[in-house]
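Chain nomenclature is as follows: A, B, C and D, assigned in order of appearance, with residue numbering initiated at 1 for each chain independently.
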Amino acid sequence: MAIVRLLVSCPDRPGIVAAIAQEILGLGGNILQSDQHTTDPSGGAFFMRVEFDLQEPVDRTALAAAVDRLAHTFAMQVTVRFADEIKRAAIFVSRLDHCLVDLLWRWKAGDLPMTIPLIVSNHPDLKPAVDAFGVPFAVFPITKETKREREDEILQRLDGNVDVIILARYMQILTGVFVARYPGRIINIHHSFLPAFVGGRPYEQAALRGVKIIGATAHYATENLDEGPIIEQDVVRVSHRDGVSDLVRKGKDIEKAVLARAVRWHLEDRLLVYRNRTLVFAC
Amino acid sequence: MAIVRLLVSCPDRPGIVAAIAQEILGLGGNILQSDQHTTDPSGGAFFMRVEFDLQEPVDRTALAAAVDRLAHTFAMQVTVRFADEIKRAAIFVSRLDHCLVDLLWRWKAGDLPMTIPLIVSNHPDLKPAVDAFGVPFAVFPITKETKREREDEILQRLDGNVDVIILARYMQILTGVFVARYPGRIINIHHSFLPAFVGGRPYEQAALRGVKIIGATAHYATENLDEGPIIEQDVVRVSHRDGVSDLVRKGKDIEKAVLARAVRWHLEDRLLVYRNRTLVFAC
Amino acid sequence: MAIVRLLVSCPDRPGIVAAIAQEILGLGGNILQSDQHTTDPSGGAFFMRVEFDLQEPVDRTALAAAVDRLAHTFAMQVTVRFADEIKRAAIFVSRLDHCLVDLLWRWKAGDLPMTIPLIVSNHPDLKPAVDAFGVPFAVFPITKETKREREDEILQRLDGNVDVIILARYMQILTGVFVARYPGRIINIHHSFLPAFVGGRPYEQAALRGVKIIGATAHYATENLDEGPIIEQDVVRVSHRDGVSDLVRKGKDIEKAVLARAVRWHLEDRLLVYRNRTLVFAC
Amino acid sequence: MAIVRLLVSCPDRPGIVAAIAQEILGLGGNILQSDQHTTDPSGGAFFMRVEFDLQEPVDRTALAAAVDRLAHTFAMQVTVRFADEIKRAAIFVSRLDHCLVDLLWRWKAGDLPMTIPLIVSNHPDLKPAVDAFGVPFAVFPITKETKREREDEILQRLDGNVDVIILARYMQILTGVFVARYPGRIINIHHSFLPAFVGGRPYEQAALRGVKIIGATAHYATENLDEGPIIEQDVVRVSHRDGVSDLVRKGKDIEKAVLARAVRWHLEDRLLVYRNRTLVFAC
């Protein structure tokens, strides 16, 4: 059996669920899970994630035709994914290893359905850690002057091999040119509860402001740093007893957890971006 | 527009979503929200909550016929609810007022869609608090000898006027006879994180065991106390610095919050019981 | 027995705890709880909250002399409080009742050790709710032109009767003149996770930004709105399924909880402000 | 500077804090952090954790004499620790690697102040993972018949080299003889929110009971399995959408987090056991 997932958005009107379900039935599919949301009873937007089984071998022509009919009839955006078409993720890192190592261990434990064709870094430091997992590691040192050039080299290296890019505390800001090549497919982790403490040194900012909670935010990267659609956020309590090292430790834990959830949801096709917001179809 | 909700369970097989959606479309309905779950890809149980709009006046005969067709074709259990048919809730209390008062304030604020035809107590103490809300309050003093007799009086008083009973720290154990009259329609709040600390004095038990977290559990009442289907649970941290009064205070807060969520979900038809477990279709 | 609390801050150096404990012993006191913190092992600031028993009748002259010796020797700021000198709180409200009612119920339940000499509002709407608790309610309607004048009337009314002011969703910005009269004694609740979404309409801001968590912040009021020392914060998860009414409901719950904790800590002398940050000595 | 920590318990009476602080001052020490708790104003138990600086070289004879005076005067239990005397931890594992790997990474990141003289397992499976960290790994296969014998071999191997034993999902129940050799120095992680779901297969138990929250518990091992003093607990939400693999994944995350906190607190001398309960002196 092949598991197929549809992520759907379109203007709302009666009959959309019936049409989708009818097309799936016509393909011989059995719906396993569906989750549908309408922004507004009177003329809003319609969103749906539906997961269904198809008999092997899948008749891809029939599936494409069904999706085309839906897209045409309802002015629908449809993303079609097969659960067994595992996504290929490139992970970008600099020197901090906690997010990278956490992703690698979860991946190795079978909790993140992806392959990792390449890990990219602007520093060689984490090569040994990566080697232990048998994953290719490529260093692209970056200076202000060489950034665009290096990015092109990276893009060339990734080209055709990568479905999603995970910025696991990559300390280089990607240019708009680069981001535009992977729209909605670059996940970043920001070490604060956005939109509080945008920009650099959020822990110092948080300590100075005396907040009682710190957080982390995973979001899709867009040209404007820290302003892309938020995927997931979480927080942890802090107090005056927490010194800088405690904040860093707590921060790392929350960053790892938030990034891992965001990545898993992306890999499982649970995310749908609409007007710079992310709908999460997850438990 | 009338908003209709279906809560559906049946053995899984292909075509159920399509059939439901098609029937709704046939009635002229527009699906606003649907949430569907299958326990097991290969031959499990199918569950769905679907909310849709119908033009007024609703053709109830047509709706009933549609539901009958579904029930018959798929061996389906279907609950049909109209969002504007506000449920009538009886609240049972003893002397502790926190859950009662919290429910009354949420109700007054418009956050709990219900009417309250009656508040029942085995003590007169909370009459003044209730009077301030203009809600009828009836006292049924109970002793071990008179319990069944009093329960019959209560049942008589409720008969035909009440859709759901909320035990808001009602310190009497209902008999099996009583419970059987409102199956799946009596919500209880237990002041512990079940199944830890079943029975009486859970805070004392928790303090003796030195737990670091205490909780509360809202569940449907069944004949076996503390063993009915769990609707909602939540917890709060405690430490050695928490004295008995702190535990009681924290416990009250968590009880109120958990009970209010459970009640709201019941009122909004978001709960479906299956094999002593509760599926919650909520955000 | 009288319970005395000291809140202490001074430059750190050896011997401070010994001196404080020795003075308390000299008074015949028994330390019940103490909590001490130094910002930096090498020459930072020293903070301590200590709670001790004294035999009745308390020799206040001896106590004052002891505190003077400590203050003089260590350049110490000392606040002395008697647990049985219940603080007098004025609550300011506008039209939203959830924080007010929550405070009143907690107060009535004995969970907030305070008296309430007056509730101040710029609108008459909440008078009935307040009357039910037998608390005086005074209306001071405010326009842009009359603000300072009205504030003076309020100050006159409060003068000598009030130890702390609680802004329970009071929708008027107090002037610097007013705030300066109750430094470190005005507690405000802001309906966002500061410093995210400062200013008005934080829920709309949060919904537009697509955050996954919303929060509330209790802080001491200072001249610069939303920038005073943060006392407490908490958060709750939201999703795309939460409509405006859900955000408002969840927001109210978190506001009530955060404000109640901040107020209780203030009443129990658990808060110490230092460089626009608040140390919380609580469990 | 040497940082010294005292963990103190004794019957309460006036003058204890003064005496402790005076002794520390007499040694030339500066108190960095102290946290004191009394169970009951009228004649309860006194607990304190105090951390102070001493000039190097430390006069250990004078320190011992000071502690003796305190112990004698107040019938006090005193534990003396030097922060730079890093504890030696043996980690016991079976086949599940998540807790082990998490501890190793935290240790490598400098977040767990310990050395790891040995990792013990009843299976060889995790040797490669451990080798990557350069830590000795010893396999002691265990059958019902050989358990006591193997335990003696393990004890011999540990003897004199180990201060604390961490059971990181070690699937063998230690005998009372073994446990008695490391009283209050064996930390276990149990994959449920104790005392709910004691015994085996807690996730299955939790799923059957339909709980809405699952948890993990770190506790000191005692002869009676799952009944030792609880150190730390935490929980995570689950729903009907969580299949077995989701429960396992969420459970692993919460186990890792809870065990790491418990271990760090033990290593930092923040735990004090009293009547089968653990006082945690932590932020």
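Brief remarks follow.
Basically, a contact is a pair of C-beta atoms (placed from the backbone, for glycine too) under 8 Å apart; a residue touches a chain by one contact, two chains touch by 3 or more.
Please read these numbers as outputs of a predicted model, since none were measured by experiment.
For B-C, the equivalent interface among the listed pairs C-D, A-D or A-B is A-D, as over half of the contact pairs agree by residue number.
By number of C-beta pairs in contact, B-D leads when B-D and A-D are compared. Centres computed as Cα averages put chain A at a distance of 37 Å from chain D. Between the CA-based centres of chain B and chain D the separation comes to 41 Å, rounded to the whole angstrom. The set of chain D residues that touch two or more partner chains comprises 33, 37, 239, 241. Interface residues of chain B facing chain C in the complex, by the touch rule stated above, are 33, 97-98, 101, 105, 109, 111, 132, 238-239, 241-242, 246, 249, 252-253, 257, 283. Within the complex formed with chain C, the residues of chain A that make contact are 37, 47, 193-197, 209-213, 215, 229-235, 239-241, 276-280. Residues 1, 3, 12-18, 20-22, 24-25, 28-38, 41, 53 of chain C are the ones touching chain D in the complex.
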